[in-house]
Amino acid sequence: MIIMKTDATEEDILRVVLLVEESGLRASVIRGEYQTVIGPVGDERRLDFDRVATFPGVKEAARVEAPYKLISREYARFFGEPGAHSRVSIRGVRIGNGDPVIIAGPCAVESRQQIMRIAEEVKRAGAHILRGGIFKPRSSVHAFQGIGSRGLAGAEEALKWLREAGNAFDMPIVTEVRGESMVELVARYADIMHIGARNMYDQDLLADVARMGKPVLLKRHFGASIEELLSFSEYIAAEGNKDLILCERGIVPVGKGKSYTRYMLDLAAVPVIHKETYLPVIVDPSHGTGRQDLIFDMSCASIAAGADGLMIETHYNPAEALVDGPQMVTPGELRDIIEACQALYRMKQTVRRNRHE
Amino acid sequence: MIIMKTDATEEDILRVVLLVEESGLRASVIRGEYQTVIGPVGDERRLDFDRVATFPGVKEAARVEAPYKLISREYARFFGEPGAHSRVSIRGVRIGNGDPVIIAGPCAVESRQQIMRIAEEVKRAGAHILRGGIFKPRSSVHAFQGIGSRGLAGAEEALKWLREAGNAFDMPIVTEVRGESMVELVARYADIMHIGARNMYDQDLLADVARMGKPVLLKRHFGASIEELLSFSEYIAAEGNKDLILCERGIVPVGKGKSYTRYMLDLAAVPVIHKETYLPVIVDPSHGTGRQDLIFDMSCASIAAGADGLMIETHYNPAEALVDGPQMVTPGELRDIIEACQALYRMKQTVRRNRHE
Amino acid sequence: MIIMKTDATEEDILRVVLLVEESGLRASVIRGEYQTVIGPVGDERRLDFDRVATFPGVKEAARVEAPYKLISREYARFFGEPGAHSRVSIRGVRIGNGDPVIIAGPCAVESRQQIMRIAEEVKRAGAHILRGGIFKPRSSVHAFQGIGSRGLAGAEEALKWLREAGNAFDMPIVTEVRGESMVELVARYADIMHIGARNMYDQDLLADVARMGKPVLLKRHFGASIEELLSFSEYIAAEGNKDLILCERGIVPVGKGKSYTRYMLDLAAVPVIHKETYLPVIVDPSHGTGRQDLIFDMSCASIAAGADGLMIETHYNPAEALVDGPQMVTPGELRDIIEACQALYRMKQTVRRNRHE
Amino acid sequence: MIIMKTDATEEDILRVVLLVEESGLRASVIRGEYQTVIGPVGDERRLDFDRVATFPGVKEAARVEAPYKLISREYARFFGEPGAHSRVSIRGVRIGNGDPVIIAGPCAVESRQQIMRIAEEVKRAGAHILRGGIFKPRSSVHAFQGIGSRGLAGAEEALKWLREAGNAFDMPIVTEVRGESMVELVARYADIMHIGARNMYDQDLLADVARMGKPVLLKRHFGASIEELLSFSEYIAAEGNKDLILCERGIVPVGKGKSYTRYMLDLAAVPVIHKETYLPVIVDPSHGTGRQDLIFDMSCASIAAGADGLMIETHYNPAEALVDGPQMVTPGELRDIIEACQALYRMKQTVRRNRHE
């Protein structure tokens, strides 16, 4: 980790980058509001930190031993007020360090009419960001793969519908990208690029998406430890993209017999990630439970655990959705959830301020 | 499941019990406020339900196919208002269907002075029930096993201290029982008999404890599915003891690498158990996270998920505790947690009432 | 760990035991063929090893930091030839360090006629030890619990049948014990006392069984790591019982979707336990797979991995068994499995001798 | 599933393919030695199977409900002798349905000299196929990522070395492909394209690789159930590529505490996959255990379980390997393993023939 002085010039930065690269590493340059930090990516033992420390414009240079560091809490102090978490801002919506942000919409975009209607209804219910899947990663090749699976032309048409719906109701849009060949197409339309749980381990996709320079929403794989999620997040930060939002969406249930939920939400991941990194964390109670009747309670619990937002699948008629019907809420239910979460968030802020320690 | 009429006599009940037993099953007689329900325990195919239905005093008799039924939601309607959860009452403290109940105290009772001081401080912080371990089940035979491991005399002395502390500060006491030979001794002193996670699968201990007729607190094993927890709870109900409180205390983390928490709290278990059974459910964030710095957030999340209470390890000097120091909070922190949880509970009740559905 | 000289007297041993106990620990005295080893059980920091080292008859005294040590490889050198594994001998059958031992019989003893017939048939097929369950630990209180659940008298009758069958066909018998109140009864009849997977964490049962002084067969819980299995094994060794046989019987499958087997056999546990301890290890492919059609292959694999034996559920008519029918093999299939395993065992011994290292 | 008659013409096949595609599905055409099978990929409810059955050249047409079917056992009968498994042939080496095939070589290709020397030594030890990693998927972006991570030119150079080593010692080569942009480059050099465990869920990579028309080696993700492995294998078969080899390489260990192995080999996966599909299955005991000292035993166990081959990391000097040193065997150890496995394989064939059923 190399921290530049606040008055370091572009030339100073370039000089450090060149030395890092000559040493056989890559240099991830993260520009905060006040300072620039250069994170060497790769085997740091090859870099002579003592020499770097003598370069003009360099404030500190030290080796960090961890599977991740560019996303770590230590870096947070270079972005805004010390000790604070970063905020990811997208078209006026800010995720992190403030009111919970609600991402809502259907699992899959099915038609222009469908996404326009849902956008209108989730906006009215209080949602801030519109979601909708074009490419659905599915375990079975024989399952519906999203409208995007019908080829690039179909994918682009669906992306345009989603974009139109976002614009019409003034919501940024988030959609999942799958397959490196689709990255540029999705980047052309989406405000936030979403990498699904099944693709969390796909480091090449992560790097390609990160390079688009747009905010990235990365979901934890359903068999991944928190450390793995953070280690793979580092692949995104290593491309210099710090607009990263993490998402807890449940892990595979343990034990013999029925679990009653599709996955098991690990809500402690929320405060843990907040302690380890400066990144915002949201929760997806729709996939995390797979049950419409648990989403209200688990949304409340997520916000109480400190989540910066929620991603909730919503459809005016869950029974008719092509994918994931049993876990969708209606716009009316969404409004209840949003109101509850906002009230609980404010109460938590109040009680937190009153803590005696 | 055999439901007796509200005006069924003891003789009517006895007649059914005798037939159940003649058929090679046991009869679990659960007496609700309004009605008595007789649950046949064992292979129900042996019992002629049609014949039972013709007996005097019998309202309904039907076979239920499930690994548990005596604890199921269907039985709830016989206890108090229809659809409601049961409440377990202990010396004036009521768990379930109301304000969150806080169980606090040290992991292990270490001395009379220690437990008296902690009891005073947790009471002042707002706790309702006092906990303290006499027998500590440990993975290693070489670890401290609790004062009770020094023999019956030592165990009884420590139980007396705990009882004295409970009486002095007007709190019911809960303590873990381990080993069938200790059941009667513990029952003589404790108000609630606690069965630890490691013993959840020990059906003989469960039955022995249940037969003491005292409220039982059963913890989920750290590798058990919810179905297993419910199936083993049924061993307690099968003894006719319906004063059962379940406790989520975290399951083994998944995945490769660091999990950052000792266990992983499965908070969706709270609403799931509420939907499946009439039993109160509490959460133990101390064992569930193993980290003092996560207990505030996970306590808030538990209450927001609908938990009926919390069990929180508390010590005036965590660093000096013989067991589990890193996960203990101080009485001051406990007070903050209790205040936060009560505020969130009330807010959740308010927003729940405002739901539009 | 305190190692006595080969010529240490009983008085020397007693002197050490007394000091260990005065220090607040228990002393586990393990008498090998050549030497006696005294393992202090409990927090070893309380014992002054330097002082113990000066006692007459003491060869070495040193503190060992590990959750288990009495069962560790280091102790092996005191039993027979250096570096060798121990052998557990029961009525002429030796488990460990030699030809694979086959334990066969029905899941549950159902009648005198049934167990006599199966004993005869498994003996003829080549089995060495007869198994049969009297008490079946089950996840559901409503499932068949074994003939022993009908009370002590029923249990004793079934134990007598099993004993009679073992005697008639000259096979030691092994049966599961469940519930501390049954320990003495079972010890009166069984040659090997079997502790089932669900009871692995029940340290009080483990200690009670160990104290009977009979060989113990301990199964790994289906959610337990190898370290947990070894830590709990130590509870048995801590009672001075070193006639301990461990059994791998499968752990809960991972991942989303179908696993195709009831549990997942962790065969690497076999060489791992052989490297860590001096204990024999067997495999139970019946419970480990839950599928009759996989038992041949998984028996072969177990022996090739180095298992000291197998436990295989066998019934002349699997379809008619009250418990676990789908995983039972017929005596004819058992004979094929035994022949295959013996041939593979001998071949493995040959190739092992030919290793060039 | 549409089965063509043995005398069906290309025109007959085309007619069916067109109808399948008109119905909005893709047609996977699998040409066996005797018959051609057309598997519709996608939601089969859209296809009128009754109509297809009337087409010239069509023998049978029926809908199959399963997450996979193109790889299923039912298809096997169209490839060679009925009931047999398929064999994947690569430059004279045949995997499946015969002698175990040994894939050996270093984890990572480090230099021309290194791979030439290892190729020579593993060939002499008896290996059949040479492995060597160019791109190493790693959990940490800061770990060595393989020589291929230095860009396309570096990757191609390393691929040439591997190719040269394979040619020099007459072994087909297998190497991992990671990142869709590398697929064509790797296909130009490799005989078998290996998809690593971390990429198993990356359906786009799977399809891209499959389309290269070369044999594919697909490893099970360390958190995946067998059903997930098979469902994702179907993405490869859906491209018409049936030269697919599956690889069990261990799943994440369960339970609290130490597991003693890096992963947990699920050897029952071998017979299960053989029963479910016609595909060959190999085992990777190097990653599966992460311990050099367990590889001999677990190789023996894999072959005894029925594995069609093994993939074993080998290096003349494990201590000097840049990646995975602790799990590498030397060429001398490899020879011992190969001799043991061949002997056990032949013995298993003999005992299998002698089975009395």
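Labels A, B, C and D are assigned to the chains in the order they are written; within every chain, residues are numbered from 1.
Note that a residue touches a chain if its C-beta (ideal position, glycine included) is under 8 Å from a C-beta of that chain, and two chains touch if they have at least 3 such contacts.
It should be emphasised that the depicted structure is a prediction, and the values quoted were computed from it without experimental measurement.
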Determine which of the two chain pairs, B-C or A-B, is joined by the larger number of C-beta pairs in contact.
A-B
What's the chain with its C-alpha centre farthest out from subunit A?
C
Could you state the distance in Å from the CA-based centre of subunit A to that of subunit C?
49
List the centre-to-centre spacing of subunit A and subunit B in whole Å, with centres computed as mean CA coordinates.
38
Distance between subunit B and subunit C based on Cα centroids, please, to the nearest Å.
33
Residues of subunit D that touch at least two other chains are 67, 139, 222-224, 228, 231, 252, 254-257
Residues of subunit B that touch subunit A when the two form their complex
67, 223-228, 231, 251-261, 264-268, 270-272, 275-276, 288-289, 293-294, 296-298, 300-306, 332-333, 335-336, 339-340, 343-344, 347-348, 350-352, 354-357
Contact set on subunit B toward subunit D in their complex
139, 222-223, 252, 254-257
Residue positions on subunit C within touch of subunit B in the complex are 41-44, 67-69, 137-145, 178-181, 198-199, 201-205, 221-224, 228, 231-232, 234-235, 238, 252
